[in-house]
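Note that subunit A is present in both complexes that follow, paired respectively with subunit B and with subunit C.
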Partner chain A sequence: MPSALHIAADLLREAVHRKWMLGLLLAITLAGVLLGWTLQMEVVDGVLASTRLFGLDVGHDLRATDMALRPVFSGTAWFMYVTGLLFGVLACSDFAPEFLAAGRIEHLLALPLRRAELIVGIYLGVLALSVASALYGGVVFTVLFGLKSGIWSWCIVAGALAGCLAFSAVYAAMLASAVFVRSAALSSAIGVALLFAGSVIARPELAALFNAGAPRRWFTAVVSFVPRFWLLGRLGAVAGGFEPLDADLLRTAAGTLIFAGACVMLAIWEFERRDY
Partner chain B sequence: MKRGYLWLLLACGLLGVAAWLMPSNDPAGKQGKESAAAVSFPDHPAAADQAKMQQRRTLPPQAGQSAPTAPGAVAALPAKRDPLLVALPPDRELMVFELSSFFKQPLGQMFSACMRSDAFWHGFESKGLDLGEVDRVAVGNLWSSERLVVVSGNALHADPTQMYRLKEPTAYGVGGQVFAPVEPLPSDAWTPPYVALWNKTTVLFSTSLRAVHEALDRLDGRTPAEPAFPQDEAYSQAYGVVTARSLAEAVSSLGLSEQLRRADLTAHFHIAVSDDAAIVLDAQGSSADAREVAKALAAMLAAKRVQAASAHDKRASKLLDLYSVMPQPHGFQLKVAVPLSFLQDVLAGCAHSDKGAAGATRP
Partner chain C sequence: MVDALVKDYGKRRHPKRALDSVSLRVPAGSAFGLIGPNGAGKTTLLKTLLGVVAPSAGAVQVLGGSPADLGVRKRIGYLPERLQLPTAWTALGFLHSVARLKHASRADAEQQLQRVGLGNEGHARIATFSKGMRQRLGLGAALIGAPDLLVLDEPTDGIDPKGRADVRSILAQERARGATLFLNSHLLSETERICDQVGILVSGRLLRSGATLELCGNPSSWRVRFEAGTDTKQLQRLGFAPTSVAQVFVCTDCDVAELNARLAKARGQGALVSELVPEMRDLEAVLLELMGPADA
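The block that comes next holds the complex of A and B.
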């Protein structure tokens, strides 16, 4: 589908010229530089003897370096996952509405490409943007902690990429909403609502609040297809070897990708039957 | 069918597949899937321990004693005392075991072998004392020739003459009966020929008649005595005080012996045992020694972790992941969860090193 890739490349070119993209890269770089300057770790015989952040002692107990850094690695992986998702929802909500805006859409439809390719192109472009940002942030923090402590764990990169996986589902729903109603605000709201549903509403603890029987069965059925974002966030810790890889996580990852595919198809269906 | 509807059908189909793939959020289906509970370190008494500690304080407060109170607070009544802790001599080292829960565990059995008192316990079980009635066993004056073993229970039906060849008892103090040996002391210092009963709740064993008398004096209140171990810390399945030197002997196989032997440290320990053991050790002493030993312990445990991981011993590696050594102003706190196999190695070394030195006491 080379035409879709052309659209994706077009979207990336447009993103590069936006100030928020430069702001994101600058923020990640600054955070890395700041942490690099202020974080001091003393490692003796494989034991983290002391850690100083901004000149203050943090963590006094003597532990094996990799164990002492586990909370730092998994915390940073979670941070990358969550911020990646939130930033993606807020920053990418206007791509699809702008591509579908009157004047531009007629021009695009005049090009020798199928309508499905246009939708897939927008989707792939935003995903590529998300993956590039996640990789940059993940690698910066991984290298930083690696140089400081001598422990090289790719869990931060994995956490950031897990954010991309979750974002693939969120953005697919946002794209579908933009095709139905061309509004960046609504698209953003759908993204936030799906994030909330996948992080809070679909949790078993919430289902437990419903009476056992029909009410709980109905609730469970309604939220059954919502991606479990709280589970996906564990991918970073799994990649670091801090948590075991279980079937639930694999099923969630596969289900999230399929949910994303379903939303993209829904967007294509609506786009195919519209007159512009 | 219009081609456009194919996309809708595909979308619905994929949503169905996604719903099928997503893990259930039905709480009923999640039962039993929770991961095993984390190791619980005995770093404070649980509510049940508190109740047990109160229940065991049956001795009246020492005459003329008042409980310490904060400035400005209303003076509290002096605390009652735990007879077992009062009977123990005021020594730098002592150990207390909850017999019912500790010695029935594999670790407890290994520990008793390490203490080389197997024959002693066997004597209990087979003859004059029903172990089912025993609540706790404590050892004081650990490395002196006047070692004292205190056995406590609610209503002990003990007949010491069934255990050893002893003379008829003589009364001592208010509630004490002392049994002396018929024959001179055997060479094995672990065999305790002097036995005393006190109020059907405590049995004392020692190689020294003086130690037995002193313990009875403390119990009857003839000699003023504070509990040999803080009463508020009498929890978990095994607890007590050891010096760094004794610790070095016990864990000589770990390669820390020299550092520990040199250190001027005293450590309060608590051990909780199940299939594995969770140990909390609060060491106090000279700051420089404590810092050095803390670093050595942390490095040793880090190395053990790596060894366990490279040997693909997942259980050991997972348990050793939980260790922490927290430096404190004049000591450190060590928390470590260790698998049974690890302790087997440590205590096997201890038992071997003691063989052939029967009856020897520490210098």
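The block that comes next holds the complex of A and C.
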């Protein structure tokens, strides 16, 4: 569907002019520059002798570098995952409402373009934007830590890309809400609510808080539809070899993709039958 | 071609009927103007032609096919009433995007930009454009791909008089190329000047449609200018009523035969006719007459 790719390219072009996006790129770059300038690691024969940040010592123990940096890498991967998701929700909430705005949508729908292509194009454009931002941020921090410590681990990039996977579900829900109601605020609220549900509520252990029987069964049934974002955040640590890859994580990743696909299908279904 | 078209909006129990059994045929190559009061359903009819709005009942055929057919939509150029443009883009960037989606060339986009008088503004941000410039840009986008049908909703809205003349000239060129124009404009004088076919839509019903001359024609009133020195009392006795303009008289309620009989008598008495103009009704008069006093 080349028209969907044209729409995705148009969305990227629009994103380039957004202050939010420029701000994100600037923030990542500045954080990288600041860390590169202030972080000083002394690595001798694979052992981390000393680490200084802003001139202050951070721990004095002599430890194997890969072991010593494990919490740093997995923490940074988690940070990339969470901030990427939050930033994505806030920065991308008005793309769909703008494309679907009165005066623009009629023009687009009168062009030789299928309605589904328009929805898929918006979705792909936002995903491309999210992947590009994640890669940029992930690579900047990976290179930085690699140059400083001599340890090259792609777990930060993997953490950032795990954020994209989670965001694919969050944005699909935001897109579907924008098709029903053309509101950036509502779209953003849906994204934050889903993020909260998937990070805090969709935990099996919370079922114990409900009375046994119907309430617990209802809770379990409802949260089984919500992607477990808290679990996906582990992908970075798994990619770094710090944690094992288990079936639960794979099921969660597959479930997230299915949730995203279902939301996009819902958006297309509503969009196809709507008058503008 | 539109046949028994019905469009209902809103809930199933209490729908609001926007179009009520509208049937219409627009001959290929003609310039059709849709007129009517606010809320008559004009924009809904336009959107139905484009497949943007689905009819509740009836049939729509455009350029021999369904508006849902991408091949048909490729042959249509559309300018919405309140076109919202991506303000961060440049004018040329916007037209290139439309050209890509219409499978037209970039050169075509650049040519249309020149044509609508924005040739020097190609690299300017749309955010800096006035309303009239945005309207021109929208027209340029509609013209990309040499469409066989141009559907224009208020094309001269916000454009200055010089710009309106330019738009009329472009539309005349498009007609000469063989394109069909479907125009919706509140400016009835514009519709009269551009369109040879007119449809009058009131409260969702197509009350009248046909050639503009037929709708405004059948004059029974004539404006006659006589040379100076003509006996005015004599003319008044023959049924020519004086007007506020010297030497100009009006002959009302008389058909062509009656007019010629009166003019023959006047000339027999020495009067010299220097100008004779039928007093045609304009579209506004036709519209107001059809709407009736309550709607007007």
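Keep in mind that, in the parts below, the second predicted complex is superposed on the first by the 276 of 276 C-alpha atoms of A that agree within 3 Å, B and C clash if a C-alpha of one lies under 4 Å from a C-alpha of the other, contacts with A are read in each partner's own complex, and residues count from 1 in each chain.
Keep in mind that, in the parts below, contacts are C-beta pairs under 8 Å (C-beta built on N, C-alpha and C of every residue); 3 or more make two chains touch, one makes a residue touch a chain.
Small disclaimer: the values here were computed from a predicted structure and weren't measured.
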{"item": "Subunit B versus subunit C as contact partner of A:Leu111, first or second or both or neither", "value": "second"}
{"item": "Which superposed partner A:Arg216 touches (first subunit B, second subunit C, both, neither)", "value": "first"}
{"item": "Subunit B versus subunit C as contact partner of A:Ala102, first or second or both or neither", "value": "second"}
{"item": "Touching partner for A:His6 - first (subunit B), second (subunit C), both, neither", "value": "second"}
{"item": "Contact breadth on subunit A, by residue count: subunit C or subunit B", "value": "B"}
{"item": "Shared subunit A contacts, counted only where both subunit B and subunit C touch the same residue", "value": "273"}
{"item": "Of subunit B, residues touching subunit A in the complex", "value": "3-5, 7-8, 10-28, 30, 294-295, 297-299, 301-303, 305-306, 321, 323-327"}
{"item": "Residue ranges of subunit A touching subunit B (in the complex, touch as defined)", "value": "44-47, 49, 60-65, 67, 116, 202-208, 212, 216, 220, 223-228, 231, 247-248, 251-252, 254-256, 258-259, 261-263, 265-266, 268-269, 272-273"}
{"item": "Touching residues (chain side subunit C, partner subunit A) in the complex", "value": "9, 47, 50-54, 70-71, 73-74, 76, 78, 80-86, 88-89, 93, 97-98, 100-103, 138, 141, 151"}
{"item": "Parts of subunit A lying in touch with subunit C, wherever the complex brings them together", "value": "3, 6-7, 10, 13-14, 17-18, 98, 101-104, 106-114, 273, 275-276"}
